[in-house]
Amino acid sequence: MRILIVNPNTTVSMTEKAAAAARAVAGHGTEIIAATSKSGPASIEGHYDGAIAVPGLLTEIRDGQAAGAQAAIIACFDDTGLDAARALADIPVLGLCESAVVTAALLAQRFTVVTTLERSRVLIENLIRHYGMGGRAKVRAADIPVLQLENEASGAIHKLKRQIERALGEDGAEAIVLGCAGMADLARSLQREYDVPVIDGVAAAVKQAEALVAQGLKTSKRSSYAAPLPKLYIGAMSGFAPTAS
Amino acid sequence: MRILIVNPNTTVSMTEKAAAAARAVAGHGTEIIAATSKSGPASIEGHYDGAIAVPGLLTEIRDGQAAGAQAAIIACFDDTGLDAARALADIPVLGLCESAVVTAALLAQRFTVVTTLERSRVLIENLIRHYGMGGRAKVRAADIPVLQLENEASGAIHKLKRQIERALGEDGAEAIVLGCAGMADLARSLQREYDVPVIDGVAAAVKQAEALVAQGLKTSKRSSYAAPLPKLYIGAMSGFAPTAS
Amino acid sequence: MRILIVNPNTTVSMTEKAAAAARAVAGHGTEIIAATSKSGPASIEGHYDGAIAVPGLLTEIRDGQAAGAQAAIIACFDDTGLDAARALADIPVLGLCESAVVTAALLAQRFTVVTTLERSRVLIENLIRHYGMGGRAKVRAADIPVLQLENEASGAIHKLKRQIERALGEDGAEAIVLGCAGMADLARSLQREYDVPVIDGVAAAVKQAEALVAQGLKTSKRSSYAAPLPKLYIGAMSGFAPTAS
Amino acid sequence: MRILIVNPNTTVSMTEKAAAAARAVAGHGTEIIAATSKSGPASIEGHYDGAIAVPGLLTEIRDGQAAGAQAAIIACFDDTGLDAARALADIPVLGLCESAVVTAALLAQRFTVVTTLERSRVLIENLIRHYGMGGRAKVRAADIPVLQLENEASGAIHKLKRQIERALGEDGAEAIVLGCAGMADLARSLQREYDVPVIDGVAAAVKQAEALVAQGLKTSKRSSYAAPLPKLYIGAMSGFAPTAS
Amino acid sequence: MRILIVNPNTTVSMTEKAAAAARAVAGHGTEIIAATSKSGPASIEGHYDGAIAVPGLLTEIRDGQAAGAQAAIIACFDDTGLDAARALADIPVLGLCESAVVTAALLAQRFTVVTTLERSRVLIENLIRHYGMGGRAKVRAADIPVLQLENEASGAIHKLKRQIERALGEDGAEAIVLGCAGMADLARSLQREYDVPVIDGVAAAVKQAEALVAQGLKTSKRSSYAAPLPKLYIGAMSGFAPTAS
Amino acid sequence: MRILIVNPNTTVSMTEKAAAAARAVAGHGTEIIAATSKSGPASIEGHYDGAIAVPGLLTEIRDGQAAGAQAAIIACFDDTGLDAARALADIPVLGLCESAVVTAALLAQRFTVVTTLERSRVLIENLIRHYGMGGRAKVRAADIPVLQLENEASGAIHKLKRQIERALGEDGAEAIVLGCAGMADLARSLQREYDVPVIDGVAAAVKQAEALVAQGLKTSKRSSYAAPLPKLYIGAMSGFAPTAS
């Protein structure tokens, strides 16, 4: 089984970290193919970056599917472009936030997501409501720029732990969700330290992708995710037609 | 007062129709500046088109604000790119769906949105839930490709009326919202014919834009819509940095 | 365009303040006609006052419409009598709370309403839920009797600022809504001081009223707001028949 | 125990029917005191009538409490004036709609309310949502003017049965709630005929009133229902001060 | 009227306390028959105990109905087995949580439930959401093992009061619900001390049971609560067939 | 990896069908251990059967965990006993309904569950609301007794198809969920026939179980699912203490 993981941030070191996290949980016989978007922002921090990252992301999904991927993962916790990717692709497409909250909900009645920046907090809160988990989850921002997660000396882990402790002490959290692809390497050690389930979206998405493929399930093409209709795309976006190669 | 209306569909005839609808309701002293996106799909039909249309749309908003627009309107009922545009701009940004449902809710307890294609129906239903009106509104699709609305011989109006009649007869609708920018020219005559409020999103958005400017209100820059952070944008998207000219 | 603003509190100084706020934002060509209810409580503080204020309010709307008003505003943040007024009138009728939260929602994902007394806090919370914004808004009471807002020496502004600061610091508020008609004169200065959108319901309602009139929209007369049926009204209420002059 | 039942419709024959229904279920030792409002509309059909009926209703509650009533019931299914009455009175106050849906929910997972006129349908739907039962109940209108329920030859019962049959056949209703005080005499025979629980709001409210008194419970005077503050009431409403006799 | 109250905890002293609370509010002519489950855990603390307690509870309801009870009460605030009991019995069945929150909602807009252990807090929160009161109620755990409520020297009352004080001071609670059958004897004195309604689930359930019987209402047997179908029960559960005696 | 699948229906032929469905999707290296409950009803049809089935089910989970299972699945679409099992076990526990709707939601915006009997329809509707998917899913009953699914000549498949067709034609369903463990063998052929995703809960639960184990995730033991406290269990339930062997 081949699973494509696309980093919509154009920073290669983040892709490598996500790929490593994906490979660490992938099943026997699953090949993880990691791709970094070739156009868009270096990191996704808030709504603007998220929107600009989508065309580059969609290109990787289109090309990955053409090259034989059986499922695709969008390696950003904001689930940017997820609906568009599902309309584009025949294969299943997974987002980190959706995969992670669905996983947390199998283990705990109440949980807290800890994300990076305040500007992403409400965005993620709204996503979680849309996924139906608004009554079960809180979201906290740890005040960490995304690319600082690549830098061990940044104090980022200390800030992250501070919010996990508040989640456990103040929110009644029974599990913790790490709200950024760049935190994927920390899940296991934090789980040991705090003795609660700590869910990483990358790992969660890989397992959901494998699960769908194993069940022979693909994105529905009725109504919401019907394939894009053929039409003209012009200007800087002319290369982003759904069937171009 | 200068209000920018951006058509994220790259079809100029749609822009003209929207601009005409905007000018028909604009207040004394309001100048409507209409722009057509220079990159993206000819029409927005579903999630994929909606995502690919956003960068071109954001460029027009960025440039329009630099040229002195005091508010901006995204002329597509899917409200594609609305959150990104609010993060980008200092001026208020309005979407057609949000403006229309907010307007309908001031006039009626229950209403129905009639949109074009089935693939947009749930998308709009989800938007309306996100805006808090899910318990008050139904959404119907009239099975009309967006560009057929430009063509009087297409039978589109007949299909639209059929759904309005079902909304009034079966849904308990007390008002009708036209769910596509391309229907803007039909609101007044349909209102006369059916003797219920018929809301067009373009007109609604123009009046909301004027209202915000007159009150001296701008998009909040705390948290959700904080301005994009400076960073590198690469590849095909390198021209879409938020401060480029 | 003539817009009637009715103060359902029978205190004339409040009417004058609201009328001034209305005129400050009214469009070119809009005439604001302010009326004070001639029967009911001096101020509306809680459910009982709100109910007793309604007949006097409805009389002013009935008479104002007969005298040519094209829209009406109920100048009380509790939106008391709003549904009844919509059933009575053919012209659009706006409430302050509904107009203000709808306006705030165009500018911010999360916001806080600061009202006067604790007894009004849950009442407004329930209104906001009914308007579909319950997941986006918090309500705080500043412990200020309504008529103290007329008195600069009362310390009312200090109490109000204290709650605004808590909203920004503790609630994650991205905008502030002033939850009493008597605060209308403070919006601009508070907005400057705190650098977030501060929405006043009177101004918001005037602009919504103008917006509806400009679009040729009136309250739906299907179902919920059908005109009152002719019938006998007896006793102290015999003067409140819907068509009496 | 003395329970006051106030008919806010000023039609005495309705009061008698409600009083009979109340006495039929009242406990040993409960005295039912029925009062008809002395000012307001002959029948309550929609929002306008509902608002105008409130002052006369509140007067009866005020005077009834002064005369020793231990609980009060508002005999109108729209629950008009319920929050105001709870703020006014120290004794518990019950509404028919709230009492009936609370009762239905103890017997059935899903139920349908059958009310009189279409103009009341959404009003009751909104009430039921406010009471938290929106996901469990549907509302149907039988197209019966309220005062026709007093007239056996009107065909009203036939229309009512038609909607009950549709509720059972199409809505998946497991119980029926009669949505008008004027239907109180029909509950038992309809229950026998359709072999499902048929709940009458008058009977439900009497039993809730007795239940609260027996438990020594009164309306909370903290926050929402704090007693009205002393103030001036002028004009036609000057007789409606909360403490007048 | 005969009302059966079944304690699904197998501890007899708890049954006696609940029976006393029931008799204190029972109407003239109501006979309270108290039964203690003969199989299951000594106390119900969390989901596991709750599930294991159900068969023994259902047996008592089956046998009590056969012996002539006209309504049954499950004397545990978790409402464990409530849906199963309603399917089993023809007579009405009441739970403490449902009865208590329904009662609180007639007296207050916002209230707080104080329960025993943290492990029951979210369980009760979920129940209250299911009953439609999630937006009106908070739940607090006082950290008291259930059987300590039988022991006056345990400090349990002190812990309970601490949470009531926080509910009034921090939650905006207008009423308090005691979230354990074992607290039934404390309601009256706490109500006096804090001067807010304090609702005990046992008393509330007794009055709801009497109310239903007086109205001639029984659990609906359409759909959700249809009687169990005849079938084989094997092993340790072979004695739990619905019609065994 | 060893996954235990427990059939809480005491009918062995159903266990075999579920085990076959589980093995058909299990990953390389996963061993499926199927157990049939030794005490309880032959089939679970509605709330009563569901409650009586739980102790036998919990015994199998307790014993299976002791024998080395790394995750457990409850093979009944009503998710009966799921919370109790999660409190009991250290290993993850999956329900069919929760696993299936979570899976469907990754593939489709709207879907319909087709279950067996009308008495289970609202039960499943309530479960789905509790899982946060109430706005996305409808539930239909095909009027098939559970054990008829074992009998090919029963016409059950015809009834099932009839409801699938109505779901696609009337509900706007984009995917179908089979709402009974006994339908597990039909998913692939129905998916081919109707060309939409058809989700079987058994397969979905197996893949969720594998996913959790591979991620090193277990049920949270904080708050809701804390391990049962040691205590006395008496009577017929004395063998159901959580730590008995």
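Brief remarks on what is shown
Going by the order they are written in, the chains are A, B, C, D, E and F; count residues from 1 in each one.
One rule holds for everything that comes next: a contact is a pair of C-beta atoms (placed from the backbone, for glycine too) under 8 Å apart; a residue touches a chain by one contact, two chains touch by 3 or more.
What you see is a predicted model, and the numbers here were worked out from it, not measured in a lab.
Common neighbours of chain A and chain B under the contact rule above are C, F.
When the contact pairs of A-B are matched by residue number against B-F, C-E or C-D, more than half turn up again in C-D. A count of contacting C-beta pairs for A-E and for A-F identifies A-F as the more extensively joined pair. Interface residue usage between chain C and chain D, two copies of one sequence, is largely shared: over half of the residue numbers at the contact are used by both copies.
Placing every chain at the mean of its C-alpha atoms, the farthest one from chain E is found to be B. Of all chains, A has its CA centroid at the greatest distance from the CA centroid of chain D.
Between chain A and chain C the centroid-to-centroid distance comes to 44 Å (mean Cα coordinates, whole Å). Chain F has its Cα centroid 52 Å from the Cα centroid of chain C.
Touching of two or more other chains is recorded for residues 109-110, 121-122, 126, 134-135, 172, 174, 223-225 of chain A.
Chain-to-chain contact here is organised irregularly, matching neither a line nor a ring nor a star, and falling short of all pairs touching.
Of all possible chain pairings, those that touch are A-B, A-C, A-E, A-F, B-C, B-D, B-F, C-D, C-E, D-E, D-F, E-F.
By the touch criterion stated above, chain A contacts chain C in their complex at residues 121-122, 126, 129, 134.
Within the complex formed with chain C, the residues of chain D that make contact are 10, 37-43, 45-56, 58, 81, 83-84, 86-88, 118-119, 121-123, 126, 130, 145, 223-226, 228-229, 231-240, 242. Those residues of chain D lying in contact with chain E across their complex are 25, 27-29, 92, 94, 98-99, 102-103, 105-110, 131-136, 168, 172-175, 188, 191, 196-197, 199-200, 203-204, 207-208, 210-212, 214-220, 222-225. Taken together, the chain D residues at the contact with chain F in this complex read 109-110, 135, 172.
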